[in-house]
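One structure is given below, encoded as C-alpha cells.
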Amino acid sequence: MSVTASFSRRARWRLPEIVFWLLAFAALLLPPGKHLLLNEIAILALFALSLDLILGYAGIISLGHAAFFGTGAYAAGLFCKLVTPDPHTGLAVAIVVAAALGAATSLLVLRGSDLTRLMVTLAVALVLHEVANALPLWTGGADGLQGMTVGPLLGHFDFDLYGRTAYAYSLVTLFVLFLLARRIVHSPFGLSLMAIRRNPLRASALGVPNRSRLIAVYTLSAAYAGAAGALLAQTTAYVSLEVLDFQRSADVLLALIIGGTGWLYGGLAGAIAFKVLQDVLSASAPQFWMFWMGLFLVVLALVGRERLGQGVRGLLAKVMP
Amino acid sequence: MATILFDGVAYGMLMFILACGLAVTLGLMNFVNLAHGAFAMAGGYVTVTLMDRWGVPFLACLPAAFVASAALGLVLERTLYRHLYGRDHLEQVLFSIGLVFIAVATTDYFMGSSQRNITLPSWLQGRREILGVSVGLYRSFLIVVCGALALGLQLGLTRTRFGSRLRAAVDDARVARGLGIPVGLVFAATFAVGSGLAGLGGALGVELLGLDPYFPMKFLIYFLIVVAVGGTSGIMGPFLAALLLGIADVAGKYYLSSALGGFVIYLVLIVVLVLRPHGLFARAR
Amino acid sequence: MDVALETRNLGKRFGGLVATNGVSFKLERGARHALIGPNGAGKTTFVNLLTGVLAPSAGRVLLEDEDITGLRPETRVRRGLVRTFQINQLFADLTPLETLALAAGERLGYGGRWWPPVGGRTVAREIEHVATRFGLGDVLDRRTDTLPYGKQRLLEIAVAFACAPRVLLLDEPAAGVPAAERQDILDAIAALPADVSVLLIEHDMDLVFSFAQRISVLVDGALLVEGTPAEIEADPRVRAVYLGEAGHG
Amino acid sequence: MLRREILTIAALSLLPVVAFAQDTVKIGLILPMTGQQASTGKQIDAAVKLYQAQHGTTVAGKKVEVILKDDTSVPDVTKRLAQELVVNDKVAVLAGFGITPSAMATAPIATQAKVPEVVMAAGTSSITEASPFVVRTSFTLAQSAVPMAEWAVKNGIKRVVTMVSDYGPGIDAEKSFSDRFKAEGGTIIENLRVPMRAPDFAPVLQKAADTKADALFVFVPSGAGAQFVKQFVERGLDKGGMKLIATGDVTDDDQLAGMGDAVVGVINAHNYSANHDSALNKSYVEAFRKANGGLRPNFMSVGGYDGMHLIYEALKKTGGDASGDKLMAAMKGLAWESPRGPISIDPDTRDIVQNIYIRKVEKKDGELYNVEFATIPNVKDPVKAAKK
C-alpha cells in the first residue's frame, strides 16, 4: 500500500544518523582528556534539543529557557544533598520538578508575538534567578550549592576526575531522550505541533486543539531542560546561580540557531560547533575570543545559515529526518 | 515621595532615549536588533574619550556622541544590516549577538575593561529645592533634554514629510516604492537617527549607569522591556513604558525590601504581557 | 424543517465599527446555500464568528440546535463545523499526505498520541479514501507548494472533507484557479455527499447560481434578503447593491 | 571487553594526578578574562606576568610555566577547566579564581587531585574551608569590614546604616561589620541591600538619607563604586553630615583616578593601596604601570603577585618537588613582604594574614589616591577567628 509505505519512510533510521551515534559512543574509548568537554557538549546538546522542541517544532521562541535548566539543576542538587545521593532518582526528580514548572508557566506563552514570548520567558527566568538568590539557606545564594556528594552510577561507577563516567552518563541520557524526542516528532502529536508552528489558525481549523498541544510540548521541553540541568549539577557536583543566568539562555539559543531549528540534529550540531569553537578560540586567545566568535556569528548570519548549510543540509536532510 | 517620583522620571526618560531607536527598528522596521546597546556604548566612549583626553566640555560632547553613533549606525546599516531586513528573526538574533560580541571585544581591547567615569561640569552637580522638593540638578537636566527630544521625535514622526514617508515605507515597502519613496534611504536615515539617539543616551547615561565594555549586554534586557511593554506601534508607547519602568523600579526598590525589589519589575512585565500581549500602550488590533 | 446551523441576532463590533449587525440566519440540513455580498459586507467576519476565531459581541451560534457560541474553533471542527480558506493557507512545506493525516488523525482521536508513528492503519485507509475521491492519489508525497494551484484548491476541500464535516463552509473555493482546472473543483463540490450541509461564500455569480438552492445577501454586516436564486436575481435591492459596486460581480 | 575498560577507568582514577620529577612545573591560571569581571582577570594576569618578568621563570631548577584560561566567571566552566588542566596538562598548582563560586566549585578537584588551589581574588571567608588544598593570597571581606567597624566606633560614629550588594560577599560584609559594630556599642539602624542588577542607586540612597544616620557603611563590587559615590554626593548626603565609610572595593585603585572629586574624603578600609608607602610598592607600581600602558595596579593585582610569590617560595622550600602535599606544607606559615606590607599565610587556616589600612581618598599630584592614615596590623580572617 503506497500510503502506508510513505508513512513508514518518514521515520526510518538513516545511515548517517547511525554513524553519528556510533561515533558519539566510540568517543568514550578515547584516552582521557577530552571527556570533560564532551560531557559539557552532551549537556548543551540536550538543552538545545529541549529548546528545539518548542522553538523548532512549536514555534515558541524563548530567551529564558535557563529557568528550567536551573530548576532541574537545583532540584537534582538539593535532592542529592537532602534525600539520597543516587544520581538516577535525582535525575528523575529533577525532570518531574522542571516539568511541573513548565506546565505552570506554559499558560504564559500560549499567545503573543515573538517579542512577547521572548520577554515573558526572559522575565520568568529572571524572577527565578532572583528567588534563588534570595533563598541562600536553600540554594547557597551567590556562593552556590555546596556539599553535594553524588553517588556512583548504577551503584558502581564513581564520577572521577577524568570525566569519562560523566560523559557516559550524559551521553546515555541524551541518547535515550533523543530517541524519545525522535519518536515524538514523528507521532501524530509531533505532526500537529508542526502544523501549529506553521499556522495556528489553520491548525485549529483542522481540529487541532492548539492550547493543550502547546502546553504539552512546553512541559515536555521543560522536562528535557531540567534533565540537562540535573546532568550538569550531578557531573560537576555543584550548582551556582549561573545555571539560571540570562547568559545560559542566550547561549543555548545561539547554539540552536547555529545548528538550525526544526530538525532534531540541529541542537546537537549547534552544541558541538558552539562549544568546540568556544574552547578552541578561548584557548588560543583568552582575552579576545569573543571577537572571533562574534565574527563567526555575523558571517554565518550574513551568508545565511540557510545558503551556507543548504548544500550540507540538503544532503543531510535527505538522509536524516 | 516626590523625590522618588522625580528620580524615577529622570531614570525613565534616560531609558527612553536609550531604547527608542530599538522601538523603531524592532517595532516599525521589524528587525530584532539586539546590538542596539552597542551604539549607546559607542556614544558613551566618545564622550569619555573627548572629555578625558582632549578636555572637551560635556555639553559639546553630547552632539558629538550623537553624530558619531549615527554615523556608525549609518555605515553598518548600509554595509551589513540591510542585507538582513526581511530575514528570519532567528538569523537577525544570530547576527546582532555576533555584533555585540565584536563590539564588546573591540571596546575591551582598545578602551580596557574597567568602568569609565566622567566629571560633570559643576553647574550640573548638586541639588536644588524646587517647589519644596529637593531635586538633583543633573536629573533635572536629563528630564528637560530627554523630554524635549521625546516631544521632537513625536512631532517629527507625525507632522513631517519624513515621518509620513517612514510610516508609508513601514506599512508596505512595495507600495511605498511605487509611490516614489526611496525606502532604502528612509530606513537608513531612521536607523542612523535611532543609533544616534542611543549614542546620545549612552553619553547622558555614563554618569548614572556607568560605562564598561559589557554595557550592551547589561542593559539589553531593560531596552527590551521598554519596547515590549510600550508596544511597537509608535513612540509614545515606549515613552510611557520607560517612565513607568523608571518609576516602578525606583519606587519598588524604595518601598519594598531588596529581595522583592529586585524582581517586582519582572513580575510586572509578566502580568502586563500576559494581559496585553502587544504591549500596554499598543492600539488594540 | 431541520436546521444544521443557525445564528440568532449575531453581532460583532470593533470599537466603533459594526462589522456584523444582528444577523439571524438558518442553514437547513443538506442545504446548498450561498452567501453573497459586496466587498466589505462583512462576510469574512461572519465566517470567523461561525468558526469561533472571533467571539461575538452579541447573539448566539447554534450547530444542530446546540449552542456552540463559547466553544473553541477546534471543538467546533470536531462537532462537524468545518471550513475551507479563501486564500491558500495550506502548509506549504508539508506533503498532502501529512496534511490529510493531520486532519484525519485529529478526527479519529489519534491527534494527541505521541508514541505511535503517524499513519496507523485506520488513518491510512481514510487518507486513501479521501485522496481517491479528490483525485490526489498521485501527488500525496510531493511538497504542497509544488502542486498546481488547482490541485492545491482541491486539497483544501479534501482536507476539510477529511474532518468529516456535517456543515461545510466553502470560502471562495475556486478563486484564482485557472480555467482549465476549474471544472475539477466544481465537480468536487457537486459531488459532496447530500447529507453535508454546505454554505458557499462566494463572489463568482456563475458559480453561485449554478450551485445554490438558496442565497442570502449580506450588506453592511446585516442580512439584506434571502431567497431562491430566481428571487434574488429579481430583487431590485440586490441589483442596486451590486450595480452600485462598480465593476464587480 | 567493556569490563576491562571499566576496570582501567577505576584504576586510573585512584592515582593522584601529579607530575613527578619533571623539569617543568605548570601552573593553571583560571581567571575571568571576559565578562563583567574581566578587569579582575586582567589585573591578576598582568601581575603574574610582571612577577615572572622580575623573578625569572626558573625556580629551584624547575621551569615554571603558566597556562592562562578564561572561565567567563561561570563556575561549571571553571571546574571543567580545572579538571582539564589537572588531567591533560598535569598542572602542579591551580590559581586565579575571580569569584567565590568559581573557587568553591574547584575545591573538590583540588582535594581529589591533591593540587594546591591558590585563590588570588575571591573573597568569601568560607572558601579556605572547602578543601585542605586551598590557600588564599587575596583577602576576606570581613578582614576589611571588621576594622572599619572598630575604627567607626572609636571615631564617634554611633548610628550606622549599611548598604551592600545582595550576594554572598555583600552579605559577608554586612554581617561582619554589623556584628562588630554592635558589639562595640554602636547601633545599626537598618541593613539595606541592593540587587546585583541595580543600575540606579537612587532609591536606596534616598532610604538611607531618610534615616539620618551618622554614617553609611557600603560594600559594592568593584566597578559599581564610582556610580555609587557620585550618587551619594549628588543626593547631598555628604553635606547633610552623613559620613561614607566603605570597604576598599568601592574606591578601587583601578578606577579611582576617573571617579572625580566626588570621592575625595571617603573613608575606607582595605589591604592594599597603590599609594602604600614602601620602597617595594613604589617599584611595584612603577613596573606595573610601565608594563601595562599606565594602568594602576589594584588590590586584585597584589593577590596575583603574592600568589606567584607564594608558589615560588614554596618550590624553593621543597627544592623543586611539586607534589601537592609538600607544596601545601611549604606554603603554610610562609611570611614575606608584599607591596601591600608584611603578610603571611596562617598555618591553621591557610588564609592570609595581613595589615589592614584605614584610608582616606585624597588628591596627590593631581591624581586621586587612597591615602593610608591608620594601620591595624596582622589581621586574620575575623569570621574564622570567631569560630574558634
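Order of writing sets the chain letters: A, B, C and D. Residues in each chain are counted from 1.
Just so it is clear, a residue touches a chain if its C-beta (ideal position, glycine included) is under 8 Å from a C-beta of that chain, and two chains touch if they have at least 3 such contacts.
Owing to the predicted nature of the structure, the values given are computational and were not obtained by experimental measurement.
Legend note: the chain whose CA centroid lies nearest the centroid of all displayed protein CA atoms is A.
Set against the Cα centre of subunit C, the chain with the most distant centre is D. Put simply, the C-alpha centre of subunit A and that of subunit C have 41 angstrom between them. With centres set at the average Cα position, the gap from subunit A to subunit B is 33 Å. Subunit B and subunit C, compared by their mean Cα positions, are separated by 48 Å.
Centre-to-centre spacing of subunit C and subunit D amounts to 73 Å, using the average Cα coordinate of each chain.
For subunit C, no residue reaches two or more other chains under the stated contact definition.
Within subunit D, the positions touching two or more other chains are listed as 34, 38, 42, 166, 195. For subunit A, the set of residues touching two or more other chains reads 130, 133-134, 287, 289-290.
Taken as a contact graph, the chains fit none of the simple arrangements: neither line, ring, star nor complete graph. Across the whole structure, chains are in contact as follows: A-B, A-C, A-D, B-D.
Within the complex formed with subunit B, the subunit A residues making contact are 61, 108, 111-116, 118-120, 122-124, 126-127, 130-131, 133-134, 246, 250, 253-254, 257-258, 261, 287-291, 293-302, 304-305.
The touching residues of subunit D, counted against subunit A in their complex, run 5-6, 9-10, 12-13, 17, 31, 33-34, 38, 42, 68-70, 73-77, 79-80, 83-84, 86-88, 100-101, 104-105, 108-109, 112-113, 124, 126, 130, 166-169, 171, 195-196. Only residues 51, 53, 72-75, 77-78, 82-83, 85, 89-94, 97-99, 101-103, 105-107, 110-119, 121, 124, 127-128, 131, 140-141, 159, 163 of subunit C touch subunit A when the two sit together in their complex. Those residues of subunit A that touch subunit C in the shared complex are 1-4, 6-8, 10-11, 183-184, 186-192, 194-195, 198-199, 201-213, 216. Residue ranges on subunit A touching subunit D, taken from their complex, read 29, 32-33, 36-37, 39-40, 130, 133-134, 136, 141-144, 146, 156-158, 160-165, 232, 236-238, 240-243, 245, 247, 282-283, 286-287, 289-290.
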